[in-house]
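Before any comments, here is the structure.
For reference, chains read A, B, C, D and E in written order, and residue numbers begin at 1 within each chain.
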Amino acid sequence: MEIVELLTANNIIFVLLSMVILAGGLLSVLTEKLMHAAFYLFLTLVGIAGLYLHMNYEFLAAAQLSVYAGGILMLFIFAIVLVHRIGENSESVSCKKKGWAAIASFSGAVLVLATLFIYGNFANCPAADAFTESEVNMKLIGTTLLGTGKNQYLLPFEATGILLLACIIGALVIANKEKEEK
Amino acid sequence: MEITSIAPWVLLLPLCMFVFLGLTSHKFSGQTSAKIGTVAFGIVAILCYYIAGQYFFGSFSVVNENGYEVFNKTGEVYNQMTIFNMEWMKMTENLIIHIGFYLDPISAMMLVVIATVSLMVHIYSYGYMFEHGHFDEGMSRYYAVLSLFSFAMLGLVLATNIFQMYIFWELVGVSSFLLIGYYFFKPAAVSACKKAFIVTRFADMFFLIGILVLSYHAQTFDFDKLNANNAKLVMDAFQITAESKGIAFLGFPLITIATFCIFLGGAGKSAMFPFHIWLPDAMEGPTPSSALIHAATMVVAGVFLVARLFPVYSFAAPEVLNAICYIGAFTALFAAIIAVAQTDIKRVLAFSTISQIAYMMVALGVSRFGNHETELGFTASMMHLFTHAMFKAMLFLCCGCIIHCVESNEMKHMGGLWKYMKKTWICFGIGCLAIAGIPPFSGFFSKGEILTACFENGYKAIYIVMTATAGLTSFYMFRLFFHIFHWQENEEYATMKHKPHDQEWQMTLPLIVFAVLTVFFFLFPGFNNGITATRGEMEMPTNWFIEGISIAVALTGIGIAYVLYFKKNDMPKQIMDKCPELCSFVYDRMKIDEIWYGITRSFIFGVICKSIAWFDHNCIDGFMNFCAWITKHTSYNTKEAQSGNVQQYVWVFIMGVITIVFLAVY
Amino acid sequence: MSEFILLYFVIIPLVMMGVLYLIPGEKKDLIRKTMAGGSALLVALAAYITIEFIEQRSAGATAPYLFTASKVWYEGFLNIHLSLGVDGISVAMLVLSSVITFTGSFASFAVEDKAKEYFLWFLMLSIGVFGFFISIDLFTMFLFYEVALIPMYLLIGYWGSNAKEYAAMKLTLMLMGGSAFLMVGIFGIYFMGTPDGAHTFEMVTLMESVSKNMPIEWQHIFFCLTFVGFGVLGAMFPFHTWSPDGHASAPTAVSMLHAGVLMKLGGYGCFRVAMCLMPQASADLGWIFLILTGTSVFYGAYSACVQNDLKYINAYSSVSHCGMVLFALLMMNQTAFTGAFLQMLSHGLMTALFFSLIGSIYGRTHTRDIRLMGGMMNIMPVLCVCYVIAGMASLGLPGLSGFVAEMNIFVGSFQRSVLSYEEGNWMFLIFTILACTSIVITAVYILRVVGKMLFGPIQDQHHASLSDANYFEKIAAFGLIICVAGIGMYPSLWTGILNFDLPRLVSLFADKTIVAPF
Amino acid sequence: MIPVEFYLVVSTLLFFIGVFGFIARKNLVGVLMSIELILNAVNINFVAFNRYLFPGQLEGYIYSLFVIVVAAAETAVAIAIIMNIYRRKGNETVNSIKELKN
Amino acid sequence: MDYSQFLLMTPEVTLALALIVLLVADLVMGNDKSKQYFQTLALVVFGIHTIYNFIQGEISGQQEAFSGMYLTSNIHVFVKNMLNVGTLLVLIFSIEWNKKENSNHIAEFYLLMMSTLFGMYLMVSSGDFLLFYLGLETASIPMATLVALNKKRNESAEAAAKYILTAGFSSAVMLFGISLIYGSCGGSLYFCDVVKSFAATPVQIMAMIFFMAGVAFKISLVPFHLWTADTYQGAPTSVTAYLSVMSKGAAAFAFMIVMWKAFTVSNVAETVWHNILWWIIVITITVGNIFAIRQKNLKRFLAFSSISQAGYVMLGLMSGTSMGMGSMVYYLLVYLFTNLAAFGVISNIEDKCGKVGMDDYDGLYETNPKMAVVMMLAMFSLGGIPPFAGFFSKFFIFASAAQAGEYLLVFIALANTIISLFYYLLVVKAMFINKSNNPIAPFKSDNASLVGLTICTIAMLVLGLISPVYEQLLAWSFGVN
């Protein structure tokens, strides 16, 4: 395969997105300032949303953007703002700690990638080339989420309700705390 | 009286007395216990005499286990009779321990000896212990143990099988222990009793091993079967033939090992070299018990044992008999030499006992089945056993009287006592003459026969040694005699509250009885009629040449003693000053005790026990503690693993995953 | 419930525990009376069982176990039964246990501090012991075995002396370690010793099926595991080290029950489980344990010689004597077996006697160091005479129990040794002779104590005014002495009871070639 | 077409970047962010597999939706707890939660 | 759309109903006066739920709903009932604590408890990795807030932070594994589909290990256990009890179901996870025990003890037979009562005088004999001493491992019981043997705790001696095939 052939739009987009994702991720864990980290995280999340879009999963991309970039990241930023006075927010991490972390993550990455590449034969999967460009329509998503049959997810859906309820109650209890102590 | 019905009481009565006196020791006063014990033993003695008399002179029969009627005498030959035999413990089909009553000439003779000496000691002790009496309540204990001893000793001699003998063997050992340790508050007595017990116990271990070997191959414990038909059973079991010595072990004939081990058991009890060390120390016990146990009865158990198994020795293991006679001869001479240098009167007697027992051993050792000449030793030995028991018991009892008066065992506190205690003087003199072998006293006959047996059986060297020993014997006995009764009167007597005197009748009567027995021994019916290896009649040859020499040697000994010790003079001191090292070496019993102590204290205790204890404490225990320590230490040193840092937790987590994946996949 | 008559051995202590629980702790006299009464009941029950056993056997009952009763406990696949039954060996052990419980109760009357709790634990201990001996189901055996372990901890840890906490922990943990070996062994026997789908813990079935079903290699493994497991309790070298510390620190009655009975569980278990279930393996591998037990025989004796603490001396002598039990068992012939079980009885009784006396002496002098005592015979003659008797029993004086046991062991061992020697193997002979030497060493250390502590002049004048035994100490001591002497004088009773069953068990080993490496 | 492996490369790298961040960051919020990175890496996997290998069903797709939801809930709770820590200790670094140890 | 399938899910449905009832009640009971009845109401409601589920009839065989996403059978139901009983006991023990320390958050406490319980239900019954994941998260995220509930102590917050962070991380790791499973096992996450295409390829193995790590975190197996001690120590005692028993038990059971149903093709002994688990068990038991020795805080101590107990629990997986499952559930049942008894005592004492150190327990028997006895029984039972139930449960679970021929593993586990007995005895020693100058003063505990402790004690005493429980469990259990 020649270089030119690889330079399809798809591939280029993928490479760019991946670079954004990885660079964002890397920077977000390496930067010393939390606020910057949050920003880089944002980049990553958006990049991932882009990947979803690239795979024609618009709804998912939207969800990713709204929940992650819109919701979770906001939470982070609030938290950072609340707990961190701007200007004092840099943190220096000892090299030793980074070294340990690097050992773990590097060896892990090598191992997982090696395993995947040496032994993983996803290309031989029966459906390997069944990549369809078609979108997933919303109705299908709806029935899948609320159906009771095979590969339909009513029960998890309901369960998530309880989970969310509990998390709300819990988060409230914890967050309430200061007030009560006064 | 039916023998079978009275025989059990010979054993049961002393046993009951032991239990009774032991349990009631705090209820009765000492005198009461003594009276009860003495009376009870008097009954036992009567029974013994009756049985022995019936056996030797009467006629009766018992039915043996095969249903045949056995008479005490067939023609001139006395039969071995099992009066009763009760199964006590069954070990295997063939090896069954019986407790029984075995009557043959030697056990009948022993019955007489034991009954006599023990009864006399019972009587004597009443006076001795009571007046000497530190310890009134101890007296019940004393009589209880005397009963136990009598029971054990009777059981020993009456044993129908070798295991019964072993059982009672141990029991006499323990009663000896208890009697030696009677004055348990005296450290010397304590160490003496321990020594006696442990040394004999050590020898008993060999006895036990010997029994195990012998009985395993012969598949029986019974003397009857072992000895029968010229020990045929043993010969077959060990595959002994004219050409070969049968089964070998480590290159030695197994039968030799077995019988020698059994002899070693006897050597322990009979204080043969090198097991003799306990006997002199055993004199720490009350003197009457020394008379009974350590002079007359228990110490001859070894001789009795060899005599009991004589056919086995003679036919299957004559080489062991040789060894016995050499060991005996050495012991006799050795003990006699040591006796010369002792100053404690009981010690002198103790060594003389060792020496005299060695005579008996030698006599057995030179003896073989064959003809009258070769069998002479056996009879001589038994005769000497009998005579020795009487005069030695008497000598000890005399010592008891003397010690009672002087309140010391040391010769130097004595001298010139003849004026004060005439009866004792006479009795002691008779005893000394007897042991020296002066006719017509009993010792003369028995010793003469022993020397004859040695000589006639070709053991010339032994004969010479034994003769020399006889000379030494008469020398040291008279040294003792003169030292106690003549020499120079101790000035202290004059100042003593109670002047030395002859004791009351309880203590004097036994002396007289023994003196009579010693003096009039020649009137006794001949030992050659029955107490022989073949249990039949036999001629007792009298070799006047040998008798003459022995009398001469004895007189020489007496003469030297007379010169040196009859009147106070400097000669003994001068002689001793010539070679002080030798004298003190001999006085210290040739350092044999020290060698033993070296082996036991330094080596067994100091090295083996200590190192095992060290090993146990440091290695075994240490290992267990180390395991515990390492666990605990690991626990405390791994605190950091749980550092509280959540990132470290995750690091461990992810590394765990990675490691497992790595291990599982690659 | 008459078929479950054996269960009364467990029920009586249980009921006693209930009664004690209801009695307020201050009423110590009532508690003691309850204990005395209840344990007397146990003795009576044991006596009844013995007599009945002899009668039934004499009448020709040939079943391997008598008084059997079985009830399924865990049904189905597990097939666990509550199976009870006794043969001659267990009868002997039951008598031993009941006697020691009885005398132990009396010896414990001196306990003042938390007497109620003490007796509750004590009873639990005895439940374990009795339960073990009446069970003929491996599971319940193991269960009771462990039941017996844990009360030890508290009894020693609370009521003990010296380094009691250390000792208690060591003892408990080491015995637990033993039970770890044991449990694996039991699983092996259960799963591999029985055909699939018919797994069972019942001894009677296992006796036949284990050697049939289990491959010999596995038999070797499980034999070792079970033997070590029980061997730890039987104080086998080098697993004996809990015993000196444990015994030294335990309160009187606990030492009695522990040395007297609990250590017998070890020998009994080794025989019942390890050897009888896997006779081929024991013939093949017995030599390994013979070396170990032979070592413990003289090792314990030599160690005892240089100890200064009375209880340590006795504990090491227990190592020696219990080593003798296992040693004899491994000789695998009838005489040795008889000797081994007699030795169990004998050692149990005399060591209990020892400990009760030591407890009494210690209670008065507050020291157990023999160097600090002397002339006790003057001060407390009764206790000391009893001590001498115990010592004599221990060193094998004829007429007392030690002798009959040891003689059987020696005769039995010797038979095996000679057989083995004739095949060219030295090992048995060497160890038999070594074991014989221990009788001398025993005499040495016993007499050392007697000489130093009981005889001689009074060492410490403070001791001079001490009192002699009181009534309950006398009951304990005399009771045991009577038993010791009883066995010693009339061994046929016990050899008879044992021999009802031993021939059957000996035949398991009869056709096996006993392996020895040298 | 881009092989699915490439997605895996991205996700794996992102995953371990997240791991790195979790271990190396000092601030608890930063740690939490790293968790988000990891979860996103997982999502990439799910989605890519779904798209490339098993487009017939929406299993991976739905799964990643749920993951997003759960992540949101989790983050909320975690941030609440971190705030709590901050209020008590005055900072919210990892070092502030080292009291419980050994 | 067959909504009737919900009828199979009786426990979940009733629990959800209970949850709703309480939620509504909480909203309705606005004022403080009526709030004091909330606790009673909650207990009653939960009690009704418990009893109702307890008296449900048997289910025939293994059933599934939602096309295999939800699995149920008698043993599942039993596990849930067991969890109910345990939770009820925890609630009973926490009444006093709620009144004193947590008066403002009583309702939340109950709601959170019950929602985590709901999560556990899902975990136990899941037949699909998604539901499993959701169940696990439902059981752990609200749990973090429960852990943080103790407002007076900083430790509580710290514990919660550690818990939520590691939980998040581990669930992410688990998800990574699940995603790879998804990719490599035929694109379906139903257990029954996974097992069909599970061929133990390296990628699948890796995926499985990542997944196992996530669950192992929940069961706190070494090396995924490090959070355990800190969280247990910091959390309110009743929550610790809940964590150590219910959370762990449910996860362990669910783990077994997953491993057996999704990753076991034919025979457990031939699977890869078998070997992995073998080592994990060994390490877990050893590390748990060794770390426990040095602990001075009882809650922390029980945390490490629960780690090693988790190792024993995992033995049940090794055989793959119904005996393994039955023994494991039985073990969990016994462990539940035993550990709750211990925690009951601890929380009682903590409520009364705030002491949790082992040294504080010195001489407890002198002052509070009953507490000491219960604690002692619990320790003995945990140590596996007969005749308490712990002995039986240990015996059976070892037997199940031995059944599969794992003699070495059983031996190692047993050898470890020596260490564990050591530290259990340390507690007993503190209470009975040690003397203290400053013992815990005698107190009278509230009736509810007493009832709870009595139940636990009775259970410890009789559970082993009466065989029907275990027999019934065996009958209900099923093996791999």
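Annotations
The rule is simple: contacts are C-beta pairs under 8 Å (C-beta built on N, C-alpha and C of every residue); 3 or more make two chains touch, one makes a residue touch a chain.
Note that the structure is a prediction, hence the values are computed from the model and not measured.
The set of chains in contact with chain C as well as chain D comprises B, E.
Under the touch definition stated at the top, chain A and chain E share these contacting partners: B, D.
With centres defined by CA atoms alone, the chain at the far end from chain D is B. Comparing each chain's Cα centroid with the centroid of every protein Cα atom identifies chain C as the most central. Top-ranked chain pair, ordered by C-beta pairs in contact, is A-D.
Using CA-based centroids throughout, the chain positioned farthest away from chain C is A. Rounded to whole angstrom, the centroid-to-centroid distance between chain A and chain C, based on C-alpha atoms, equals 69 Å.
We define each chain's centre as the mean of its Cα atoms; on that basis chain C and chain E are separated by 42 Å.
Per-chain CA centroids place chain B at a distance of 95 Å from chain D.
Averaging C-alpha coordinates per chain places the centre of chain A 101 Å away from that of chain B. Among the residues of chain D, those in touch with two or more other chains are 4, 8, 15, 18-19, 22-25, 31-32, 53-54, 56-57, 59, 62, 66, 70, 73-74, 77, 80-82, 84, 97, 99-102.
In chain B, 628, 639, 642, 644, 646-647, 650-651, 654-655, 657, 661, 665 are the positions where the chain touches two or more neighbouring chains simultaneously. Residue positions of chain C touching 2 or more other chains: 173. Listed by chain label, the pairs that touch are A-B, A-D, A-E, B-C, B-D, B-E, C-E, D-E.
Remark: chain A residues 112, 115-116, 118-120, 122, 127, 147-156, 159-160, 162-163, 165-167, 169-174, 177, 180-181 touch chain E in the complex. Only residues 97, 100-101, 104-105, 107-108, 111-112, 115, 119 of chain A touch chain B when the two sit together in their complex. Note for the complex: chain B touches chain D at residues 639, 642-647, 650-651, 654. Of all the residues in chain B, the ones that touch chain C in their complex are 87-92, 95, 97, 163, 166-168, 170-171, 174, 181, 184-187, 189-191, 193-194, 197-198, 201-202, 205, 208-209, 212-213, 215-216, 604-605, 608-610, 612-613, 616, 620-621, 623-624, 628. Residues of chain C that touch chain B in their complex: 170, 173-174, 237-238, 240-242, 245, 299, 302-303, 305-307, 334-335, 338, 375, 377-378, 392, 395-399, 403-404, 407-408, 410-412, 414-415, 418, 433, 436-437, 439-440, 443-444, 447-448, 450-451, 454-458, 491-492, 495, 499.
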